[in-house]
Every structure is written in structure tokens, then in C-alpha cells.
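Report on the following structure.
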Amino acid sequence: MALPHFQGIFPPLVTPLSSPDKLDVAGLERLIEHVLSGGVHGLFILGTTGEAPSLDHNLRKELIQRTCRQVRDRVPVLVGITDTAIVEAKEMSRLAANYGASAVVLAPPYYFPNSQTELVEYIERLAPALPLPLVLYNMPTHTKTMFELDSLQRLMEVENIIGFKDSSGNMLYYHQVLSSLSIRPDWSVLMGPEELLGEAVLFGGHGGVCGGANLCPQLYVDLYEAARWRNIERVLDLHHRVMRISSTIYRVGKYGSSFIKGLKCSLSLLGICDDFMSEPFHRFYDVDRARLHELLEELGVTVSNPYPASDDPVMTSLMR
Amino acid sequence: MALPHFQGIFPPLVTPLSSPDKLDVAGLERLIEHVLSGGVHGLFILGTTGEAPSLDHNLRKELIQRTCRQVRDRVPVLVGITDTAIVEAKEMSRLAANYGASAVVLAPPYYFPNSQTELVEYIERLAPALPLPLVLYNMPTHTKTMFELDSLQRLMEVENIIGFKDSSGNMLYYHQVLSSLSIRPDWSVLMGPEELLGEAVLFGGHGGVCGGANLCPQLYVDLYEAARWRNIERVLDLHHRVMRISSTIYRVGKYGSSFIKGLKCSLSLLGICDDFMSEPFHRFYDVDRARLHELLEELGVTVSNPYPASDDPVMTSLMR
Amino acid sequence: MALPHFQGIFPPLVTPLSSPDKLDVAGLERLIEHVLSGGVHGLFILGTTGEAPSLDHNLRKELIQRTCRQVRDRVPVLVGITDTAIVEAKEMSRLAANYGASAVVLAPPYYFPNSQTELVEYIERLAPALPLPLVLYNMPTHTKTMFELDSLQRLMEVENIIGFKDSSGNMLYYHQVLSSLSIRPDWSVLMGPEELLGEAVLFGGHGGVCGGANLCPQLYVDLYEAARWRNIERVLDLHHRVMRISSTIYRVGKYGSSFIKGLKCSLSLLGICDDFMSEPFHRFYDVDRARLHELLEELGVTVSNPYPASDDPVMTSLMR
Amino acid sequence: MALPHFQGIFPPLVTPLSSPDKLDVAGLERLIEHVLSGGVHGLFILGTTGEAPSLDHNLRKELIQRTCRQVRDRVPVLVGITDTAIVEAKEMSRLAANYGASAVVLAPPYYFPNSQTELVEYIERLAPALPLPLVLYNMPTHTKTMFELDSLQRLMEVENIIGFKDSSGNMLYYHQVLSSLSIRPDWSVLMGPEELLGEAVLFGGHGGVCGGANLCPQLYVDLYEAARWRNIERVLDLHHRVMRISSTIYRVGKYGSSFIKGLKCSLSLLGICDDFMSEPFHRFYDVDRARLHELLEELGVTVSNPYPASDDPVMTSLMR
């Protein structure tokens, strides 16, 4: 069977919740249709932006099932299976395969600090046992373990590993990874931080896993296309819009978690889904929500139907 | 109901496994009897030494049940409930209460980097919802989040938090924590690294969660007693034995994980339990196992019945 | 007096040495002419690549004098004055002004960990006392102190600070700095790591302080020009040459210091200057030197006149 | 010539300054007599507490000369020669020898991140060239480079290295260093953080380089003696006084630098010396100074003659 080659924008879907252990089912449906209508090339569920580690396993399973069922085969669905317990990771991959996902995504186990040798051997043992192709996920700020270049090159020899999502934010490393693709030209290398999407694709990357694409999917799709076709003027214009989102919406509140909180609150303000968050985070208090409302309006978004007041949100031309 | 005050040695039990998702039940029983026979003051299951984050949730539940049932009420059982998903942590605490555990132990959620404010609020929300008293667990090398002194002092105001296990290895911080006990004189402060047990107790701490007590429980019990009664000559003598274990058995192999691997392999060599390890680790290869065998003999242990060759291990006077 | 606005390539000159406290004077002269002949837009002496902190103060002073005298006013000379002792930094800036340098470059004092407040106040006190315009230098891997975005924005209000060299390697931060230039449109923002020069200039930066420009200055000048004129095809072609140098010449040897060692050894192999290094580093041993020789030849450089065998090196078309 | 073996309390002398490049000569004289009157076993000048890296080299030289001349041979003087430039370090050691110092103290060069190999080789090359015996100084928070245990054991083979000052604050490591002394029984191992002095000496260390001994030298001398003679009750009593200083005087102000600022300001309040500080720090503002005044009085110190109002301070029984 031909292995997939992922190119384009794969939003790391936020997980709409109505309580600690309940999906906001209607919100999830609206969110999926919202991002698909923006032309994204696939979905990535149960990543960092999806708060996956904070969700109990039953909820994760329900999310896989519902997402795959709704997307059907319109675009590939990638499912995060990162788990400190390998038994759970395997079970999640089995479910993803059953429900029709296209690939699974795995970051290193993140409790114990891993040596590079332990990391490589872990993946060499796990990958062949998975029922779906595997995309590796580099997220050292959260997992404490970086895929060092030598390790990654060694893992390029594992057949059913088909790509790499890099959220290290380290562009020098990213260029080194791209230079290594001579070993494995079929690999897909996706950029994590959306602020680096333009240059990542201009210099040879294959797309991005852009959190902001939950909110305004078309912006990132357009930026990807502009970079792919080396339309540098347009890349710069769209990049500046991305930076404007990044320096406003993601910076309300004080902490590293402002990014996810800002995204979820914005989606709530737009009437797409609930902004309930799983612990250790919680939704914005009113003052931050009001500030975000203002910022969205400054960005040209009419926030007329805050969730859950309406089931019929009028989506606006956010940031197009 | 009076809250417990824990004093003494609480071995962080290794989790005997026969496969990734199966307890080594006979090994667990032998291990429990082995440490109890050494006079320990309680057991702590599902900690770092117990590889808790690497175990699937069903196995964790079985371990809680079996341990509580076997210990009955001979000593208190403390159960680690640390989890990135709060729903799972609560479920684990509910089980622990049902099966008769004495307290639960919680480290910060360890995927997302937490701010101190987020950490404090997380615990302030969670603690009152738990059916058992709570011991906080400081393990910054693994969780990325330190309980800073100000945070800890604020959490001293939460009634059903009854103690603190500090595995930071930072003695200056430890002394500051002890100095803060005027706020909460009923708190129990336990030391993580066994190499610091002597001074921790001499200077006012209440005991230790010593990994080595899986192997030679009486040594740590004796050291605790000597320190408690300020018998400084004996403290020094026993401390040097602890250092000798630490600089030999825990340093076979190259990585941070050598400590757990060495412990499990030693227990296997002594005929107590299997040394199967959960991913991302694996048991020692033969060369490391042989080296460990030598080291144990140099320490005066007759390794006559390596597990699983015999069900009737002749326990030796290891390090007494 | 109009403040300068630096654009283009400013090689961070290596410091040719013949012994721990002696300049290789002839080598320095050759090196300066070599880089000037490549069309660079200025020189930066006494930076990290110049091993400045490892040089005694007398040697630093001689280097300032000789470099300024030789360059005369062909291009601006920027002089690093970073020092843990502010008295020495001021003295160095006074000398730089006397000898005709155009600006001074300053990283945070690097022994004591600084808070952001201490850092900002330090520079606010120092900058007005300097006889030359100041370029700030961000080098957190070495100084331990990052210029956080808020701090940098505050320092944009200091008039005789005229630019910023960023060697953090963090492109997301770099974009944020560029976005902040609305406060100070006359600032010059220069990229440290040469592997990021292409995108830095494409996205609005003003040039680079490229260590490799010691070796093949024209390559970096060409890349700068291509990026400035948004000739993306040419940018990619030249960027790949830069990556090839980076993944070969800078990776002989095992340590973080391989970059400087590789540069100096290459310059020696090309007959330009001595490769003596100041402590705690030392020049490559023969095996590494031989390996570097091979790599240079693979890159198309004829290494016919290794220093100091000849005073008349035939410079080759390295990497053009 | 017999190499010295240092035991006891060696205050890391603060450097009294009256301006950025001027010693407060009278303050220095008073300070030296003050600490000597407390019974300390030696002096350590030009360490971290002495702000050495922030002082220009002329001032450092004057300090060496004046201190050695005043101390004459009443106690050994240890001189910090740590410098990023080895030429300066050697020059400083030459001066120290000329003026009659007993030993020099050296931390790793602190700008470039060193590998362990580079660190060991640097010291192996430098030590034999020094005219005085050498004490190594471990200060990883400031130098970025830790003396790892293997490296330290290798350096134990260098004859004129005679001891080790550990300011890592890592007691587990400290115990490992003590365990290694079988290689070099004549080494002196001194503790940096004074909060760990009691246990360091109880468990086999040889003394401490206690910053607080600038202020109340006898307290630390008494604690050292109590620990040496294993008088555990007295150790605990004195340790609690040390902790009380540590949790009050060193915690005025917000930053890591509060320790040095608090010390210098206290000495000024006691009429001993000026509290001028070298950049990047500065003396306390009035509000912090007033707060410190209160704290000293709570500790039982009559602050009657703040410097420089009087030349005849009435020294009080601080913390005895």
C-alpha cells in the first residue's frame, strides 16, 4: 500500500468540551465544518492544542470516533497517540485505524527524561507494531526530549514512519532536517509554530500544523499556497497577518497557556464551540474575554453570536 | 477524623511486571512481604520508582487493589494519583479510598508547563474533591514544575493536604520548607533521594521515600531511626552504606534510568520479582546484569536464587 | 549627527593569534583584505567568533587599533565591548571612538544572572555614557540573559542605541522584534546564525553577522543581496551552499566550539592566518585538520598554500 | 613544600567600593578586622560575593595587594583568579604569589559553554603553570559548566590542585565528591551555600565559604566547630540562626542578586563599609534599606552608626 505524503495545512484541532469529561458534540461538528470550509488539507486531533494529555482516555476515544465519522474521507485525519503508557498509545492507534484515520502522530513519552538511545529504541520497537503510518512529533518544551538530528536520521530508516512535525521553533534545526531528506525523500516535514510557516514552506517544508487554522483556516491555507508557489510578496502580506494574530490573540493572559486559551475563547466568541478547558487550565475570566472580544473586532471580525447563545453563527471573513 | 502524620520510611514500591500489561503477581506479593519484614513504616505505590506514568490505567487499578488487600492494615498505603488528566487522577483516588489506602500522592500535571498560579489553583480545586488526605510530590526534573516556596506556603492553607515529598534534591529549599512548617506543624515532610535521608531527618524532616528500601528496607529504617535519635556516629556509618549502594548499583548502565533498572534487576537477582520494565525502558542486557551480580556480591549479598528460577529465595543480610 | 543604519554583511572577524597574548599581525591584515575583497558592508571585531572574552585587554586594544587603521574608512568597523566589568567596557568604547570605529556592540554582562529589570537599567545607564552609537547583542546561550521582547521595546527608547544583533536562533522572537520596529524604524536588526540569513532578510531584517564570511565573504554578500531583492530562487540556491558549509566545516570535532575551530583551521589551510586559539579552546589536532582539508576540497576549494608556509595565498573561488 | 590543607570558615569577602573603580579603603580595613575578630580561618577575596567579574583588573590588583598586606600572615588569604582570559588569570596568580597569598581559586571560564573534556584539559594545562596551589570552584549557575564527578576525579590527579569549593548546592553531588576523596585524602572540600554548612561538615566536609561571615563571622565559626565536634544540638541551634538570616536579610529585593545586595547594605548599616555596588547591580533604594534596618533590629542588632556617618562603629553581638 502506498504510504501517504502529507502536504498543506493540518489544523491541530482544539477539543470542544462542555465539562471535564464531556465533549461539546455540537461544537465539535461546527468546528470541523468550519475548518474544512477553509480548505485545509487534513485534520490533526489529540495534539497539544487539543489538550490531549489532559483528556481522559474514554473522551479521547469518543473524539477519534466522532471526528473520523464526520470527516468521512473528505481529508485525512491524523490522530495523536502520544502517551506515557505504551499500552494506551497502541490501543489508541488501533481505534484510529478502525475508525478510518490516515495516520498517527507520536511525541516521545514525556514523564521520564529519555536518553537519545532510549528514545530511538522506543520508536524502533513501537513503529512496526502500529496499524497506521506514523508521523513523529518534536515538542521538546513539553516532552523534555528533543529528536536530535542523528536520532532522526536513524529513524528515517523505519519504513512506516512517514513524516515529522517540528514544534521546536528552531529554524536552524529545521533546515538541517530538510537537508537530511535525501535519506528519505518521501517524508513530509510539517512546521508547528504558525509564525514560521512562511519560511518553512519557502525553504522546502511541506506544510504546517497551525493552531490558528482553527480560527481562520483560509489564512493559513493561503499562506501555504503562496509560499509553495514562491509568491514572496503575498507570503509577506499573509505572514504579517499571522504575526498580528500571534501578537494579540495569543498574548491575552500571562502564561504559556495563553495560546490555547485565546484560541478557545475566540472560537467561543465566534459561536463555534464552548471554551471550557481541561485542567490545569481554565477558560478566560470575563476581563480577558472582553479584551479578546475587542482584539477580534480590531482584527475585523464581527463577533455577533457568542457561543452558546446561538446555534447559527454567521462566520465572518476573519483575517482574509 | 484525625489526619494521619507520616513518619519513617515509605518505600516507593517498584512495580513487578511480567509483560507490558501484566503484573507479576507472585513477585508483588514477595516484594511487599520483603519490605514489610524490614520494618518500613508504610508503602508508596505508583510513584516514579513504580514507573506509574508508563503503566496503563487498568494495571494501575489492579496494583492498588492487590497491594491494599495484601498489606491489609499492617502499615499505611500511599497511592500515587499523578496524571495529566484530572479525571483519571480522581478516579484513581476513588479506587484508593475504596480499597483502604491511607492517602494519595500527587505531583503536578507534567505535560504542559504550568505557571505557579496555575499549579496552585489546580491543587486548590482538586484537593477538596479527593476522598483521601493528600501528600504533594515535588519532582521538577520530571514534571518541569517546581513547587516554589511561596506556592507551597499558600497550599499549606488547604486542610486535607497533609504533607510533602521533596525529590528536588535541593537541600537549601528543603530547609526553607522545614522553616515554613510553623504555618502547618502537622505536615509531614519526606525526603526523596535516599542519599539525603540522614541529614533530612537530622535537621527536622519526618522520613524518606527511599527507592533502595525495595532492596534492603532495614538499612533505611535503621538510618531513619539513627537520625531521629540523633545518633550521629551511626547515621554516618549507615549513610556511607547508602552511598555505596548509590555509587554502585544505581550507576550500572549509562542513563538517568539506571536507578530504576538497577533496582529491578537486583530484585530479580535476589529472587524477589521479575525485572521486566515498561517502555521507554527495558531490563538490563546480560552484560549489565552480570556486572550487577558482581556488585551485589561485593556488597556482601549471596545471590543464589535468581528470579524466576526459584520460588523460595533465601534472603540475605544485604547491607545490614 | 546622523546615526548610522547598518545593512548588509558584517563578518564577526576571527582574531588571528600567534600565541596566547600575541596577534598574528600579518594574518590579521590578510584576513581584513580577504573579507573586504568579498564586498562585505562592514566588520565586527571582538565578538564571540573573535573569541573576545578569552583575550586579555591589551590584546583587545591592539586589535581595535590595528583593524581601524587598516580598514581606514572603507567600511564601518563595529567593536564588541561586552565585558563583565563596566569600567573595561567603557574604556574599550573610548578607544574604539579614538581609533575611528563606527559603533560599539554590547551583550549583557555574563557572569551574574541578570533579571530583566537589572539588564534594562544597566543599559539605560551605560548607553548615554558611550562615545559611539550602540548595537545590542542577544546571545543567551553564552550570556544566560535573553533580551526579552518587553525589555527590548523599552530599550528602543534610548536614542543612541541604533540596532540589534540577534544570535538567539529563535525566528519567532526575531519576527516579533521586526514587528516592534514601528517604535524605532531606524533600527538595524542583524541576524547571527548564518543558516537563517536568507529568511531573516526576506522577512524584513537588515543583514547578518555571518561567521562564514571570514572564509567566503562573497557567498554571504550574494545571499544578502538576493534576499533583499527577493530573488527567491537565488536565495534558495545560496542558502543550500550555506547549509553545506554549516553541516560539514562546522561539524568537525565534537563540541559547541567546533564552529570557531573549524573556521580558524580553514583560514589556516587557505593560507590566510594562524589557527592558534585562546583557552579554553585549542586548534584542531592533525586528524581533524586533515578531515577539514578533505571537506574543503569537496566544497571545491584548492588548498594549496597552508599557512604559514606561504605569504602569498592563491585564493580560490570558495563556494561562489 | 607542604601543600596547605584548608579547614574552617573562609568568608568570601565583599569588595567595599566607593565608586565604580575605587576601593573603599577604610571600609576594606574595617571589614578585614571585623571578620578576623570573629575567628575565621582564612579569607577568600575576588569570589562571586566579592563581585570579582564586575571589577576592572586594576582594582582587583589593588585589592589583592591591600588585603594581603593587612592580613599579613594572621590567616591564609585565598585569591580568586577566575577569568575568561587565561592571560589575565595567570597575571592575577602571579600578583597573588608576590603579595603573599596562600592559594588561588578558579572557576571555569564562563563565557563559552565548555565541554567536560575542554574543561579538564584547560585546568590540566593551567594548574602546573600557577605559582600557588589551586582550589577549584564549582559555580554552575554562573559559569554554566559543572565539574562533573568524573572530571573532578580526573583533576584529583593534578598535584598542585589542593581542594574544591562547591557552590552547586547539590548535596547528593557533594556526598559523591566526599566519597571520592579516597583518591586524594589531602584535598579540602569547602561548602558554598551557608545554609548547608552544618550538614556539609557533619558528613565529612572541611568547612565553608560563607557569605554571611562578612556580617557575623563568629556565627559560622561556631557552627563549623559544632559540626566538626558532632555536637548535633548546637549544630541545629546555630543552623536555625543561619536560616533566619537567609530567609530575611538575603530576601529583601526580588532578584538573585538580593544576597549580595543585602550583605553589603547590612555592612553599611553597621558602619563597616560603603554599600556601593558595581554594575549590573546597584545598592538598595531607601525603601529596601529601611526594610533591612528593621530586619537587623529584629535579629537583635543595634544599628546605631550607619556608614559613612561614623568611623567608630559600635559592633554589636549580631546573632551570637
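Every chain is named by a letter (A, B, C and D) in the order it is written, and numbering of its residues begins at 1.
As a convention for this text, a residue touches a chain if its C-beta (ideal position, glycine included) is under 8 Å from a C-beta of that chain, and two chains touch if they have at least 3 such contacts.
Keep in mind that this is a model prediction, so the values were computed, not measured.
J.: Consider the two chain pairs B-D and C-D; indicate the one with the greater count of contacting C-beta pairs.
T.: C-D
J.: If every chain is reduced to the average of its C-alpha atoms, which one ends up farthest from chain A?
T.: Relative to chain A, the chain whose C-alpha centre sits farthest away is D.
J.: Where the centres are mean C-alpha positions, what is the separation of chain A from chain D, in Å?
T.: Here the centre of chain D sits 51 Å away from the centre of chain A.
J.: Mind checking the centre-to-centre distance between chain B and chain D? Centres are C-alpha means, answer in whole Å.
T.: Chain centroid spacing, chain B to chain D, equals 37 Å.
J.: What are the residues of chain C that contact at least two other chains?
T.: Residues of chain C touching two or more partner chains: there are none.
J.: According to the definition already given, which pairs of chains are in contact?
T.: So the chains that touch one another pair up as A-B, A-C, B-D, C-D.
J.: Please output the residues of chain C touching chain A within their complex, sorted ascending.
T.: Residue positions touching the partner: 169-172, 175-176, 179, 193, 195-196, 198-199, 202-204, 230, 232-233, 236, 239-240, 243, 247.
J.: With touch defined as at the start, can you tell me which chain B residues reach chain A in the complex?
T.: Spelled out, the residues of chain B in touch with chain A are 20-21, 48, 53-57, 59, 84-88, 91, 108-115, 117-119, 121-122, 125-126, 141-144, 254-257, 278-282.
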